[in-house]
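Note that subunit A is present in both complexes that follow, paired respectively with subunit B and with subunit C.
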Partner chain A sequence: MSALLAQMEASGLATWVRESPSLWAYPTILTLHSIGLGIVVGASVIVDLRLLGRARALGSADVSGLYPIIWWAFAVNATTGALLFAADATRKSAQPIFLVKLACIAVALIATLRTRPLANGSDLRPGRGTGTLPAVLSLLGWLGAIAAGRMMAYL
Partner chain B sequence: MADSLVIWLQSTALSQAIVSATWIWPLAETLHFVGLALVLGVAGFFDARLMGFFRHVPVRAARELMPYALWGFALNVGTGSIFFVGHPEQYVHNLAWWLKVGCLALAGANAVVFERLVAARALPLGVGDDTPRPAKAIGAISLLAWLGVLYWGRMLPFMGDAF
Partner chain C sequence: MTLQRWSWGVGVAVLGAWVLAMPALAHHSSAPFYDATKSVEVAGKVTKFLIRNPHSFLYVSETTPQGPVEWQIELGTAASLTRTGWTVDTLKPGTEIRVKGQPSRAEGSHGMCCARITRPDGSPVTPGGRLTEEKQPPPL
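Right, the complex of A and B next:
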């Protein structure tokens, strides 16, 4: 495993991400990771707060159009995250906080899949599943992922 | 002028407390990212509706969560002030920081123009309604301005010596 990670870190792509002085390398990848974070978490906040009853008119509206945006932005972050990981694979893989981040992302993603069927306005009626639990888990999962991601730079 | 402000800020007890407590900076950064997501998500969703996207959502409903964007913005003004007071020297001579402030000013002025000139016409629009051209322009400018704020904020360490 550690040999594989070292090999990944020594690859041409990982070396370019880590060592290139170009603004297109590390800075741009990190910026895309931040923009993706803002879109994924920001769009999730809308569908989650809606399920938690924080917006009455939005409750009867169809917000399913936000989900493709969440998935695309998440794809950007999975890709840029993989590049940032490869550039520093041996150190990051040894950080417990990195595993915490991955676990938080997994919780948030599963919760988001569970909120998707409630995104059409007509689905949100008394007596049906309210989506409270997945909405709360999504918000907590993304919050944990942000906090753990930031801590990776300090621990 | 800028340099004397830097020297004065650095001499304050508040600035020294921010720098010497190791946990303040990472905590403030985490909250800064949370605020960023609230602003970009909630305000960006309304911007996108003004641009004519998400027509399943009435314009007024798309703005319903805006208080959360304002809370996120307040969080970022607060945590941003902590960064500035803690290490003013890494911002005042940093081009990326001034471009970030410029994008913030653009977003603010754009919001004032929306409230004064476009809101009365745009807010009553319902499901399926397209938005008038001025609303589309306002939404696009707002979205680009906030993305600019994020972009130049992320560029702070790469264009200057900020961290």
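Right, the complex of A and C next:
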């Protein structure tokens, strides 16, 4: 496993991300990661709050329309996240807080998949329905992922 | 408790935690690791100069009565160092330099940040460069 991570870190692409002085390397990738984060979590928070009974003017079509945006932005973050990880794979993989971040993302993703059918259905009722638990887990998961991700620089 | 009051509670708690954490997060985020109230100065030979993201590192070997001590000096991003005109050839292994900066808070470690780097006699490292802030490596 550690040999695989070291090999990943030594690859040409990972070396470019880590060592290039170009603004198109690490700075741009990190910027895209921040933008994707804003969109994934921003759109998710709207969906979750709707399922928890806020912003009741939003109908089923409005909420459903946010999911493709969440998936596309998540794809951006999975890609840029993989690049940032590869650049520093041996150290990041050994950081417990990084595993916390991945666990938070997993919880948030599963919760978001669980809210998806609710956005179409009759459960999109003001402050009720089976959407409460996944909505709360999605909120906590995404916010936890942001916090853990930021703390990777300090822990 | 209504959801609205619950939301306010969470908001206030997050803000409170943030304000409490502010002193630790302030000053280019180097304060958690380095003590800005202290200063340390080292003269020695460059062993390694790693220009990389998110932060670059310079390694300097200091000769002490107890034997050689390797200092790790944390510098800025690859982009900002390069823009200042510093490359890996600026500080090749073996180059004699003098470094003054803030010591690491970690007990028993030999780390430094926010460093001012010169030749042993205090002259600038960059050939022909004046000893100005612009010719110093950028902070974190």
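Note that in this section the second predicted complex is superposed on the first by the 142 of 155 C-alpha atoms of A that agree within 3 Å, B and C clash if a C-alpha of one lies under 4 Å from a C-alpha of the other, contacts with A are read in each partner's own complex, and residues count from 1 in each chain.
The rule we apply is simple: a residue touches a chain if its C-beta (ideal position, glycine included) is under 8 Å from a C-beta of that chain, and two chains touch if they have at least 3 such contacts.
All values derive from a computational prediction rather than experimental measurement.
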**Asked** Is the number of subunit A residues in contact higher for subunit B or for subunit C?
**Response** B
**Message:** Which partner chains sit in contact with A:Ile146 here, subunit B, subunit C, both or neither? Use first/second/both/neither.
**Reply:** first
**Request:** Mind working out whether A:Pro117 is in touch with subunit B, subunit C, both or neither, as first, second, both or neither?
**Result:** neither
**Item:** Touching partner for A:Ser44 - first (subunit B), second (subunit C), both, neither
**Value:** first
**Request:** Considering only touches as defined above, state whether A:Tyr154 meets subunit B (first), subunit C (second), both or neither.
**Result:** both
**Asked** In the superposed arrangement, does A:Pro68 touch subunit B (first), subunit C (second), both or neither?
**Response** neither
**Request:** With the two complexes superposed on chain A, say which partner A:Ile35 touches: subunit B (first), subunit C (second), both, or neither.
**Result:** first
**Item:** First, second, both or neither for A:Arg54, with subunit B first and subunit C second
**Value:** both
**Request:** Could you pull out which residues of subunit A sit against subunit B in one structure and against subunit C in the other?
**Result:** 23, 27, 30, 54, 153-154
**Message:** If we count contacts the way the header does, which residues on subunit A are in touch with subunit C in the complex?
**Reply:** 17-23, 25-27, 30, 52-54, 87, 127, 153-154
**Request:** Provide the residue numbers of subunit A that touch subunit B in the complex, in ascending order.
**Result:** 23, 27, 30-31, 34-35, 37-39, 41-46, 49-50, 54-58, 61-66, 121, 142-143, 146-147, 149-151, 153-154
**Message:** Which stretch or stretches of subunit B touch subunit A in the complex?
**Reply:** 26, 29-30, 33-34, 36-42, 44-45, 53-54, 56-58, 60-62, 64-65, 68, 127, 147, 150-151, 154-155, 158
**Asked** Where on subunit C does subunit A make contact in their complex?
**Response** 3, 29, 32, 51-54, 77-79, 81-83
